[in-house]
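So, here's a batch of structures to check.
Below are two complexes that have chain A in common, paired first with chain B and then with chain C.
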Partner chain A sequence: MGSLSENARKWWRSHKQKTQQQTAPSHTPLQKQLADNEQRLRDLYANCSDVVFRSFRIGGTIRALAIYIDGLTNQEELERSVLSVLMQTKLPKDSPLTKLLDNLVPVTKSREMSTVEQCLEAIANGNPVLLIDQQERAIAFGLARWEKRQIEEPVAEGVVRGPREGFTESLHVNTALLRRQIKTPALKMEQMQIGGYTQTQVVLAYIEGIVDEDLVAEVRARLGRIEIDGVLESGYIEELIEDHPASPFPQILTTERPDVTCGNLLEGRIAILVDGTPFVLIAPTTLFSLLQSSEDYYQRSLASTTIRWLRYLFTAISFLLPSLYVALITFHHEMVPTSLLISMAASREAVPFPALVEALLMEITFEALREAGVRLPKQVGAAVSIVGALVIGQAAVQAGLVSAPMVIVVAITGIASFMIPHYIAGIAIRLLRFPMMFLAGSLGLLGIMLGIIVTVIHLSTIRSLGVPYLTPVGPIKVAEWKDTLVRAPWWMMNTRPHLTGDYQKIRQGANQKPGPKKGGDPA
Partner chain B sequence: MLETGKISALQMGMIIYPVLVSTAMLGGPNVMAQAARNDLWLTPFWSSLIGFLSVFIAIQLHKRFPGMTIIEQGKAIAGTVPSAIMGLLYLLVLLQVSGVIVREYADFIAIFLKETPLSVISSALIVVCAFAVKGGVEVLGRTAQVFFPMFIVPLLLMIGLVFPALDPGNLFPVLDRGLLPSIKGAITPLGWYSEVFLISYLLPVLANRPQGTKAAVWTVAGAMITMTIVNLVTLFLMGDALPNILFPIMDTARYVSIADFFENMESAVMAIWVIGAFIKVSMFYYATVLGTAQCLNLTCYQPLIWPIGFLIVLFSFWGIPSFAELGAITLIAIPAILAWSFCFWPGCLLLYAIVRGKRSKAKEVPSG
Partner chain C sequence: MRGVVLVLLVSCALLGGCWDRTEVNDLAIITAAAVDKAGKDEIDLSIQVFIPKEVGGGGLGVPTGSSTRELTTVLSGKGINIADAMSKVQAKLSRKVFWGHCKIYLFGEEIAREGIADHIDFLVRHPEPRNRAYLYISKGKAVETLGIESVLERSTAEALREYASLHIGMPVTLIDFRNMLKSEAQAVAIPYIQEGNKLKDKEQIQKNTPLLGTAIFKKDKLAGVLTSKATRGLLWLRNEITRASISVDLPEGQGLVSVVPIRATTKLIPRIANGKWSILVKIDTEGDIVENATKLNMMEPSSIALVQKSVNDEIKSRIRLALFHLQKEFDADAGNFAAAFHRKYPQEWEQAKPMWDALYPQIDVNIQVQAAVRRPGLISRPAGSTDEHGKAEK
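On to the complex of A and B.
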C-alpha cells in the first residue's frame, strides 16, 4: 500500500511538472516584440479553434493584438469600447500603457499584466487581452460575458415562505447573492484556484469577527492541500477536505440557497463556493443542522418546532420502520395486538418469502424506482410511475408476492426518507436501513438495538472540522437546544452556537420579547 | 497519557449511572426482597452507603495523586513489584466481573431469543462495546449522554402506566421485624454500588474536575433513588410474590396496556435494557483495557481491545455452567469481590498513603 501511494505521488509530481510546462510556463515575462509574444501564445493555443487573435493598429501606426475566447467575451463591447476607440486615436510612440487605460478605453475593470501566465489566465476567464508592440506589458479588460442560467428557484430545497433565489453555476453571481444579503465589509471572500487543468475558481467566504480564525486557517490549509486535475462540482472538494471519508454521513452541508448560506455565515461557519456548480459547501455541520430547513426560521416558532419534531420522528421511521416490522413479524409476535396479528397473518399467508426477504425485495425495488425517477428522460416519466405503482402496490399484493402491510411499510418509509430537508443526509439514513434489516432478521429487537448503538457510537466518533457531530445532544450543550429541540422565537435567540475556539457569543440585544406594553400606540 | 480525550462531570455521571442501576434494576427487587421482604424499600439506602464510601476513597486518592487511575496510584503508593502483582490481580477481577456481567446479559437475552447460542449474544455485545472503547472516553461520554433519556424516559413512562394497578397496602407492616432484614437484603447490592469506584478511571480525564465530586455523589444518590422507586413499584404491584419473581421489572412491563393496543411490552424492556448493559459493559471493558495498558506501561491501549474482548467472552463461560450457578455466584461471590476490589483494597491503599504521607510529586503544581 505504502509503495503504491508513493508511486502515485511520484507520478503526480512528474505529471504536474509536465502539465505546467505544457500549459502555463511559470513566470515567462512578455517580450518587447509583439511578434514574439504572438508566436508564443499561438503555439500555446495551437488547435484551439475557439481562441480569436485579432491584429490591428492603434491610431493606424502601432501594431496591437487582441486575444479572446469566442463565447466567453462580450464581443460588442470589445468592438465598441476597445477596438474602435484605439483604431481611431492618435498616439505618440512611447506613451505609457497606463495613460492608454486611463484616458482612452472606457472599460471599468482592466488590469496590467507582465507574464504569459497571467495572460493565459485572463483569456481563460473570458477577459480579452490586448498586446501592444514595443510594450512588455499587456492589458486585460473585464469584458467577460458568457451564457449562463438565470437565477431560479432552488429545485432540491423548496420552501413555501422564504426567498426563492437559488445559486447558479456562475461563481460571481453567487458571491453577489451573498453580498446582497450581508453588506458588511466583514464578509470576506478569499479566492483561490484549484485543479491543474480546470483551474476552477473557489471562494472561501466567512464573516470576520464571528468566525473562529483557527477554523478559517484550517479550511484554508485543507483547500491548499488539494492537488487534483479538475474540480467539476463541489463534491470533489467536499470529499477531499472532510474528516471521516469512510462515514456514510455527510460532514459538510451543501445547499443551493443563499439564505441558508448567509444564516450559517452569521452563526460563524464558513462557506466554500465553487465555480460551475450551484451547490455551496458549509462547514462545520452537525447531524441536527442536516435536519433543519431554512423555512423553520421564517415560520412561526410553534409551527416550526412541531414540524421539526415531526421530521425527527420520520427520520427515525425512515431508519427503523422496515426493520421493526421484520423483527415483530419474525421474533416478537406477542408485542403485536392479537386482532392486528390475525389480519397481518392472513395477508402474509400467500406470501412465499420470509419477512426479511420480502422487506429487502420491496425496499430495493423502491430505491430502484426512486433512482430511475431522478435519472429518466422526462418523456418516459409517466410510464415509470405507472409501472412503479404496479410493482409497489396492489398488483404485487394480488400476485401473492408481497403482503399488503409490507407495501404500507415501504410506502411510509419512502415518504419519511424524503422528509429530510437535505437530500444527502436522507441517502445516509436510507443506506443504513439495509444493514438494520439484516440485524432485525437475525437477532430481532436485540439486533435493532445493537444497530442503533453502533450508529450512535459512529455518530459520536465523527467530527466536522472539530465540532462533534452530535452536538448539542452528545456532548450536551443546553444553550443550543433552543435551535435543535425546539425552534425558539427570534427574540430568544440571543446567543450564537459555539463551534470551536473563540466566538462572538452575543447575537442580538436582550429583552426583545414583544408585547402590547412595548411599542405600539402611546397609551 | 494513554487517554487524550476529555469528558465533562455530567458525562461521567451519565456513564456511571447505568453502570450502577442497569443490572440492579433487572434482578434487584427480587434479590433484595428475598431477605428484606416488604422492607426492601429501605435496602438501597443501606447499600448505597458503600457507594458513597467508594466515591470518597476515589476522590481522596485522586486528590493525592491527580491525573492517575487506581492502577497508576497503586504504583505510586506501593512500589513497582507489589503493585504489579496487585495490578494483575485487579485486572483479573475486572475481567471476571465483566465476564459475569456479560453472562448475566446473555442469559437474560436468551429468554427472548431461545434458539440463539449464548456465545453469539455475548460476542455481539462485546463487538459493539469494542467500537465504543476504541473511540475512547469521549465517545463513551457522548453515547452515554445520547442514551441517557432513552434509558430513563421509558422507565418513568412504564411506572406511570402501571400506576393504577399499584397497591400501597403491600408496604405494611413497616419494619415489623426490625431493621435487620433490610440490612441483610443489602448484601448483594453492595457490590453494585461499589462499582461507582470506576470513576477512578474517569476522574483523570475530567475537563471540569471541581464538579467531579458533586457529579459522583449525585450519581450514587440518583441510583439509590431509582432503586428505591423500582423496589416500591414492584412491591406495590406484586406484594408477597416478589421474592419468587426472577425479573420483577419484566412482569411490571407485562402489566402495561395502552388502549388495549400496546401490550406485552417485555421485549421493549429488553431493548431498553440492552442500552444500560451496553454502557455498563463498555465502562468495565474500557477500565480493563486501560488498566492493562497502564499496568504493562504501554503507550496506547487500542491493540488490547480485541484480545481483551475475546477474554471477556471466555470469562463469561468459564466456571459458569448454568443459569442457576450464575445466580449463586452473583448473590454472594461477585458482590464480595466487588466490595473488596472497589472499596476495601483502594481504602487500604489510601490509608497506607496517608500513613506514609505519600503524595504525587506533581502536586506542587496547582491542579484543576
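On to the complex of A and C.
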C-alpha cells in the first residue's frame, strides 16, 4: 500500500512538471516587444481555435493586440468600448499608456498585469487582455460574459413555503445570491483556485465574528492541501476534505439553496462554493442537520416539530423495516399477532425463496428502479415507473415470486427513504439497510440489535470538521435540542448552536414572544 | 489487512446464525390444543392446525373466499404425556409444529378430574407455548370442540379467545392457573364450556350457549362446576366482574329493571374473633339503568333508591349462591379467602393452614353491597308510558 501511494505521488510530481511546462514556468514577465509577447502566447495557445488574437493600432500608430476566447467575452462591448475608442484616439508616442487607457476606456473592471500567467488566467476567465507595444504591462478588461443557466427552482430540494431560487453553475451568480441575503461586510468570501488543469474557482464563505477562526483555518488548510488535476463538481472537494472517508454517512452537507446556505452561515458554519456546480458544501454538519429541511424554519413551529418527528420515525423505518420483517418472519413468529401471522403465512405459501432472499430481491429491484428513474430521460421515466409498478407490485406477487406483505414492506421502506430531505443521507441509510437485512436473516432480532449498536457506535465516533456527528444528542447539549428534537419558535431561538467555538452565542434579543402586553396598537 | 480480518470475523458471527431459522411456510401453526383422557395412563392430545393455503391470500388476485372450506384441521396423537403425544402428532405433519400462537388449551372433564398439573407443566416449561393462553375445561371430550366451525371467527380457537376477552365468564390464562394453584387457597377456577357435540350445527348453536359456568378445582383436580349464575357470584367475590347485567324485580313498580355496573370493587375483610373466623365481603359498585319495564320514573330519587336496594339484594344472593357451592359442596376456596386471612392474620394462618379444608366451610361470610345507580339512561320515563293520561302500557 505504501509503495502504491509513493508511486502516485511520483506520478503526480512528474505530471505537475509537465503541466507547468505546457503552460509556462511561473512568473514569466511580459516583454517590452509586442512581437515577443504575441509569439509566446500564440505558442501557448497553439491549436486553440477558440482563442482570438486581434491586432490593431492605437490611434493608427501604436501596435496593440487584444486576446480573448470566443464565447467567453462580451464581444460587442469589447468592440464598442475598447477597440473603436482606442483606434480613433490620438496619443503621444511615449505617454504612460496604461494610465491614459484608464481614462479612455469606459470599462469598470480592468486590471493591470505584468506576467504571462496572469494574462492566461484572465483570458481563461473570459476577460480580454490588451497587450501594447513597448509596454511591459498588459490590461485585462472585465468583459467576461458567457451563456449561463437562469436561476431556477432547485430540483432536489423542493419546498412548499420558502424562496424558490437555487444556485446555478456560475460561481459569481452564486456568491451574489448569498450577498443579496447577507449584506454585512462580515460575510467573507475567500477565493482560491483548485485543479491543475481546470483551475476551478472555489470560494470559502463564512461570517466573520460568528464563525470559529480555527475552523476557517482548518478548512483553508484542507483546501490548500488538495492537488488534483481537475474539480468538476463540489463532490471532488467533499471527498478530499472530509474527516472519515470510509464512512457511509456524508459529513458535509450539500445544498442547492441559498437560504439553506445563509441559515448555516448564520449558525457559524462555513460554505464552500465551487464554480461549475449548483451544489454548495456546508460544514461542519451533523446527522440531525441532514434530517432537516429549510422549510422547517418557515412553517409554524408546531407543524415543523411534528414533521421532524415524522421524518425521524420514517428514517428509522427506512433503516429497519425490511430487516425487522425478515427477522420476525424467519425467527420470531410468536411476536406477530396471530391473525397477521396467518395472513403472512397464507401469502408466503407459494413463495419459493426464504424471506431474506425475497427481501433482497425486492429491495434490489426497487433500488434499480429508483436509479433507472433518475437516470432515464423524462419521456422514458414514465414507462419505467409503470413497468416497475406492474413488475414489483402485481406481477411478482401473482407469479408467486414474492409475497404481498413483502411488497408492502418494500413500498413503505421506499417511501420512507424519500422522506429524508437530503438525498445523499437517504442513500447512506439505504446502503446500511442491506447489511442489516443479512444480520436479520441470520441472527434475527439479535442481529438487528447488533447492527443498531454498531451503527450507533460508528455514528458517535465520526466527526465533521471536529464537531461530533451526533451533536447535540451524542455529546448532550440541551440548549441545542430546541432545534433538533423540536423546532422551537423563532422567539425562543435566542442562542446559536455551539459548534467548535463560542462566538456571538446570543443571536437575537431576549423575550420576543409576541403578546398583547408587548405594545403595538392597543386597539 | 485489518479490514479483511474484520470482515472474516463478522462473517463467522453470521455463520452461527440461521440454525434455528424457520420460514413461516415450514410451520404448522397450532391455534388450539385439547387434552383428553385416552385410556389408563394415556392421554389423547389433539391440536387444531391452521391451513394457510385455505386462506388464499397467496396473491392469486381472486380471493378464494368460499367459506365452505375449512381453515383448520384437527390432528390427534396418543401418549403417556403431552410431550410424548406431541411427537406422535408431529409424525403426522409435514411441517414443524409451532406452539407460539396456540392461545387456547382445552381439557376434557375426565382428565380434569384426575388432575391437570402435570400437563400444565409441559405448557409452561416449553419455551414455545404462551403463558397467556386461555384455559378451558370442556364438558365431555375436549377434542370435539376443536372440530366445530365457528359462525363468526376463523376457527373455534379464535372464537374462544374472543370469548375470553369479553369477560362474560372468567378468563383464566396459564399463568393465572399457576398463580391460583400456588396461592394459599390452592383452588382454581377455569371456565367450563359446552360439549362440542352439542354445538355442531346452527340449530344447536342457537339453543346452547357455549359457556356453561366455571369448573372449580381443588388443587389441580376438578371438584365441581358452578352454573353461570353462580359464576357471577364468584366473579363478584374475586373482584373480577367487568361485564354484567343485573335485572331486579321491583314489586312497587310491577316490573323489571336492569342495571349494568360500570365500576365495581370488592374488598375481603377477614376477622377472627374468639376463635371464630369470619369474613366481610364489601362491594362497592356503580351502574347505569339500561332497561326499565316498571311504571316508575327513574328521575325520582325514591325510585333510584328502590332500584339500588334490590340490586344490593340481587348481588348478595348471587354471591351466596356461589359461596354455597364453594363452601358446602366443593370445599374449594376459589374466592381466595385464604390469602386475605394470611395477609391480616399471618400467625393464625400459619396454624390454621393444615386444616384449612376443614375450616373453610365453617367461615361466616357477611356481605355488604353498596350499589349506586348513577344514571337513568337516555330517557327518564319508561318508554311505554303515556304519562299525561296517567296510563302505562304493560
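Criterion: the second predicted complex is superposed on the first by the 518 of 523 C-alpha atoms of A that agree within 3 Å, B and C clash if a C-alpha of one lies under 4 Å from a C-alpha of the other, contacts with A are read in each partner's own complex, and residues count from 1 in each chain.
Assume contacts are C-beta pairs under 8 Å (C-beta built on N, C-alpha and C of every residue); 3 or more make two chains touch, one makes a residue touch a chain.
Since the structure is predicted, the reported quantities are computational estimates derived from the model, not experimental observations.
Judged by the touch definition given at the top, the superposed model places A:444 against both chain B and chain C.
In the superposed model, A:514 lies in contact with neither chain B nor chain C.
Applying the stated contact rule after C-alpha superposition, one finds that A:106 touches neither chain B nor chain C. With both structures placed on the common chain, the touch criterion links A:400 to chain C but leaves chain B unconnected.
Legend: residue contacts after superposition of the two complexes on their common chain; A:71 is shown touching neither chain B nor chain C. By the touch criterion defined above, A:329 lies against chain C but remains apart from chain B after alignment on the C-alpha atoms of chain A. In the superposition on chain A, contact of A:345 is made with chain C only, not with chain B.
Looking at the shared chain after the overlay, A:456 reaches chain B, while chain C stays out of its contact range.
Within the superposed three-chain model, A:381 lies out of touch with both chain B and chain C [touch as defined at top]. Overlap of the chain B and chain C interfaces on chain A comprises residues 331, 334, 443-444, 447, 450.
For chain A in complex with chain B, the residues that touch the partner chain are 331-332, 334-335, 337, 340, 443-450, 453-454, 456-461, 468, 470, 473-476. By the touch criterion given at the top, residues 329-331, 333-334, 338-339, 341-351, 354-355, 397-398, 400, 403-404, 438-439, 441-444, 447, 450 of chain A touch chain C in their complex. By the touch criterion stated above, chain C contacts chain A in their complex at residues 13-18, 20-25, 27, 29, 31, 50, 52-61, 98, 100-101, 103, 128, 130, 154, 158. Taken together, the chain B residues at the contact with chain A in this complex read 8, 10-11, 109, 112-113, 116, 121, 124-125, 128, 131-132, 135, 138-139, 141-147, 260-268, 270-271, 274-275, 278.
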